[in-house]
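You will see chain A twice below: alongside chain B first, and alongside chain C after that.
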Partner chain A sequence: MFPEDIRIPLEGWVNDGLDWLVVGYGDYFDAINRFILSFLIQIEWALRTLPWWVITVLIAGLAFHATRNWKLPATVVVGLVLIGTLGLWDLAMQTMALMLLAVIISILIGVPTGVLMANSDTLRKIMRPMLDAMQTLPPFVYLVPAVMLFGLGKVPAIVATVIYAVPPLVRLTDLGIRLVDAEVMEASRAFGTGKFKQLMKVQLPLAMPNIMAGINQCTMMALGMVVIASMIGARGLGEHVLVGIQRLDVGKGLAGGIGIVVLAVIFDRITQAYGARQMQHSGKD
Partner chain B sequence: MKIKTKLKLTGAALAGMLAATSASACELDRPIKMADSNWDALQVLNSIAATILRTGYDCEVEMVAGDMVPLFTAMQRDDVDIFMDVWMANNMEIWEKTEAAGAVDLGVFYSDATEGWYVPRYVVEGDPERGIDAMAPDLTSVDDLIAHKALFDDPEQPGMGRFLNCPIGWGCEQKNNVKLEAYGLSDDFTNFKPGSGAALDASFASAYKRGQPIVGYYWEPTWLMGLYDMVKLEEPACTDDNADACAFSETASHIVASGQFVEQAEATEEFFRNIETSSKEVSGMLSYLQENEGSDREDAAMNFLKTQADTWTQWVPADVADKVRSSL
Partner chain C sequence: MAEISVENVSKIFGANPKSVLPMLDTDADKAEILDRTGHVVGLRQVSFGMEAGKIHVVMGLSGSGKSTLIRHFNRLIDPTDGIIRVDGQDILTLPYGDLQKLRQTKISMVFQNFGLMPHRTVIDNVAYGLEVRGEDRATRMTTARHWIDRVGLTGYEDTYPHKLSGGMRQRVGLARGLATDPDILLMDEAFSALDPLIRHDMQGILLDLQRELMKTIIFITHDLDEALAIGDQIAILRDGLLVQVGSPQEIILSPADDYVRRFVGNVNRGRALKVSAIMEPVASGLTGTVPADHTLDAALASILAHRGPVAAVDPEGRPVGTISANLIAQHIAGSQETPT
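On to the complex of A and B.
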């Protein structure tokens, strides 16, 4: 037995800290909440009011742009029509909006953090255990505080999704930039390229295959969070699955699950295809 | 034959002597076994009863951990003596079986366990201490909700109010769906399902701490109701025409005992029969756990015995009460 007098009162600290945030800074979190929500409502509005075939054509077009091949667009059309025929269209669009915004925020946070980490070994040493924690903490541990701070619904779901999905993107950006050849960097320096220009024109393009792999991972993890996010009231496919499970309606749960899988397959293939094209580009250069 | 009588006599004499020296040895020569399932209310109540039995009646008490149904099955075999905090209405089937095996209902323990649609009291009456003005002084019943929908604004659906329903899959969720429709609220309020009990608790707690308006379903006794001052909105009384959408009925919690216990015990059975409390008091016991970092059921029980003497001293004879009090 560990001696009882040696205890860190972590529980008390965390609870007091959270109370302090909720009571003292609730309004700031409300402002963040409204800010994120305003974007989400617009994305959702677009996805839910456009006719289904417009969205299908748009996503199929994106798939064609990524692969220059008709196979993937065909898969996209079949997948989206399947979602529609299962009666899940509206739910799938809500989930897609949530996922898209979570991925956009993850990119805005993850890529710059990855770049900074690649340039500073100290920062890397600090960040790595944090990233480990973000990936392994059971989501409910930060899901419920997210509700306390942001209220119930989609915004805390996005916050929790970003926490869960951003680590692979940070890691892969860091890795990609560190893998850029030292000789290439030296050559660009010899031409008198400034640091920022070096980053934008040399490092990021060369690291792009890794960054795309990170975005792909990020997208997949965001979709994986959908069911957990529905436990704090985020509507969409996740809620459909949750209803199915909690009412022992296995069919309903499976239908919702299939919807999530179809979305995952579509976005996985599209982001992978972009990654592969980046790889070819860098190969050619 | 003679020897046996003699032995019996000495036995009786010994027993008499023992009784004379310690006026109140436990009437049972074995531990009293209490069903100790995993919800907070039952555990705290068990600890309170156990403390009284140990110090006031000099009995030994044993807690039998387990799930609801296995514990009832054990009671049928007289392996469990007492089960406190049984919500009869929810467990009719298993109770009928247990009763058929000889178990006895020792009576209602609190009768006002209830559920309903709640708003924090400061929404209606304000809270001068916290500097909160009353936001909806005329809000007393579910019919007044539409007039105040802007107050309960749902940020995800501008123009609608947000009603916090139960998590999907709970029995109350479907009841509330019907009610929202029947009370004519479904066009003005989103039927918001928080997805999990923890999320429901968290949103009430967060709104209350920030002094913000919130309306939703909750029930008592619970720690949340003990800790936060909430007002239940009135709902239409139940008639033959509106049986699906009218006020929730109150539920009674009972104490039940095995047939063997009732046969063997007398004073302690009387004690269990006398126990009576209220949903509000049980909520208070539970909120003690929530409020005091790192406190356990024993602490909550001790706190109740120390601060609510007016309540529990009525459950036991005066001499027992004195013994319990002196042991605290």
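On to the complex of A and C.
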């Protein structure tokens, strides 16, 4: 047995710290909450008001743009119609809105962080254990503080989803930028390219296949979070599954599960196809 | 055109480069300095000048510091000590903005593995330097097209680099280097990654362009045949130390030490040496003539046709010396005596 008088009162510290945040800075978190919510409401409004066929055509069009091929768009149509006929359309749109916003926020946070990490070995050393923790910490651990700070509902779900989904994007952006050929970087310096232009014209375009792989991972992980997120009040397919489990209604749970799988397949293939297109000219012989 | 001079330039790699500088004044060699201080000597008190409008070859084995040296001229690497002047101006004191301007307008570079941007087409690669310095699209495209044509790649404007062969890729690299109309062109082992035939072609292209453009070209190579083929002046580095600077003829005829002698030992002297380098004083009564800037091989044909010594003449046809088969034989045989 470990001696009982040697203890770090971590639990107390964290609880006190969280109380201090909630009491002292609650207004700020409310502001962030409203800010995120305003975007989510708009995305949700668009997805839930537009007729089903408009959305189907839009996503199929995106699939065609990504692959230049009719196979994926056909899969998209079949998948979305399946969701509709299972009676899950509205729920799927809510889930999709949640996922889209989480992915957008992840990109806004993850890509710049990855870029900074690629430029600084010190930052990389600091970030790596943090990313490891974000990926391995059970989501429930940060789900509760998220609820305490943002209240029940969709915003803490998005925050938790971002925490869960952003690490692979950060890692792959960092990797992609570090993998850019040193001689190409040297060439761009030799022609007098400044740091920012170098990032925009050379590093980001050449890191794009890796960044797209990161976005793909991020999307998949965001969809993987929907059931857990529904426990704190996020609506959508996750809730359907959760309710199914709670009532021992296997059919309901399975239907919701299928809906999530269909969305995952669609967005996985689309983001992968964009990644593959970026790869086309990467010139590895 | 621009004149470059390197004055007492040293480059040391390691944790505290400045601390090692005093050791360079002693006779401790590179290995000893590495052993005692953990620092690597890249360049050691190198001084020499480069005339404008000429091709200056810097030669040496790998690890001799030649690639380090060439990166000093556009400050991809900064020296630990010393001064580098371009047209009299010390470029090491340039503020960041002026340095970028120098790289955008006055000095460009061609790389060993081409350094092309895989996500850009040939024309966008060639136009890269112009884009960086903010030229408008129409100018960029016109200029880029011109240089693509000059290096013989017309029709490949919209191709991506990975679809091109090595030789074609380096033509793109050369066109990109020339498109900004720099005074100085840095070529870092530019043809070393190409197979011998293509390399020979590229040397031809470079010499053709140079006859007209008269850039100041600094060309790094480890291949003496290449150095002799294109160099107006050759500088030889060993372990960061400048061993010899001179014309190709001087390097072959009077190598400064064993290191240089080993380089020149296997040279085909008949093709590398010129009549003017070995001819004897003008003699009378010679019927045949041979231009003094021809190679020994070429002169030999003319001597055989005349069955005896011939007069070496300058471009105006005035005799400047005498050359005989015997003399040529001596100099070609001379190479056999040198240790290899």
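By definition in this document, the second predicted complex is superposed on the first by the 283 of 285 C-alpha atoms of A that agree within 3 Å, B and C clash if a C-alpha of one lies under 4 Å from a C-alpha of the other, contacts with A are read in each partner's own complex, and residues count from 1 in each chain.
Just so we're on the same page, a residue touches a chain if its C-beta (ideal position, glycine included) is under 8 Å from a C-beta of that chain, and two chains touch if they have at least 3 such contacts.
Note that this is a predicted model, so its numbers are computed, not measured.
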| item | value |
| --- | --- |
| Fit-or-clash call for chain B and chain C when the two complexes are aligned on chain A | fit |
| Partner chain(s) touched by A:Glu183 [first = chain B, second = chain C, both, neither] | second |
| Touched partner set for A:Pro112, first chain B, second chain C, both or neither | neither |
| Touching partner for A:Gly17 - first (chain B), second (chain C), both, neither | neither |
| Broader residue contact with chain A after superposition on the shared chain, chain B or chain C | B |
| Contacts of A:Pro205 with chain B and chain C, given as first, second, both or neither | second |
| First (chain B), second (chain C), both or neither touched by A:Gly192 | second |
| Touched partner set for A:Val144, first chain B, second chain C, both or neither | first |
| Chain A-centred angle between chain C and chain B, computed on Cα centres after superposition, in steps of 10 ° | 150 |
| Superposed arrangement (fit on chain A Cα atoms) - minimum chain B/chain C Cα distance in Å | 44 |
| Set intersection of chain A contacts, chain C complex versus chain B complex | none |
| Footprint of chain C on chain A - complex, ascending | 181, 183-184, 186-194, 197, 201-202, 205-206, 208, 281-285 |
| For the chain B and chain A complex, residues of the former touching the latter | 155-156, 164, 167-169, 192-196, 198-199, 202-203, 205-206, 209-210, 212, 293-294 |
| Chain C residues touching chain A - in the complex, by the definition given at the top | 74, 76, 99-104, 107-109, 111-119, 128-129, 131-133, 160-162, 176, 180, 186 |
| Chain B partner contacts - residues on chain A that touch it in the complex | 9, 11-12, 15, 19, 22-23, 26, 33-34, 37, 41, 140, 143-145, 147-149, 151-154, 230-234, 239, 242-243, 245-247 |
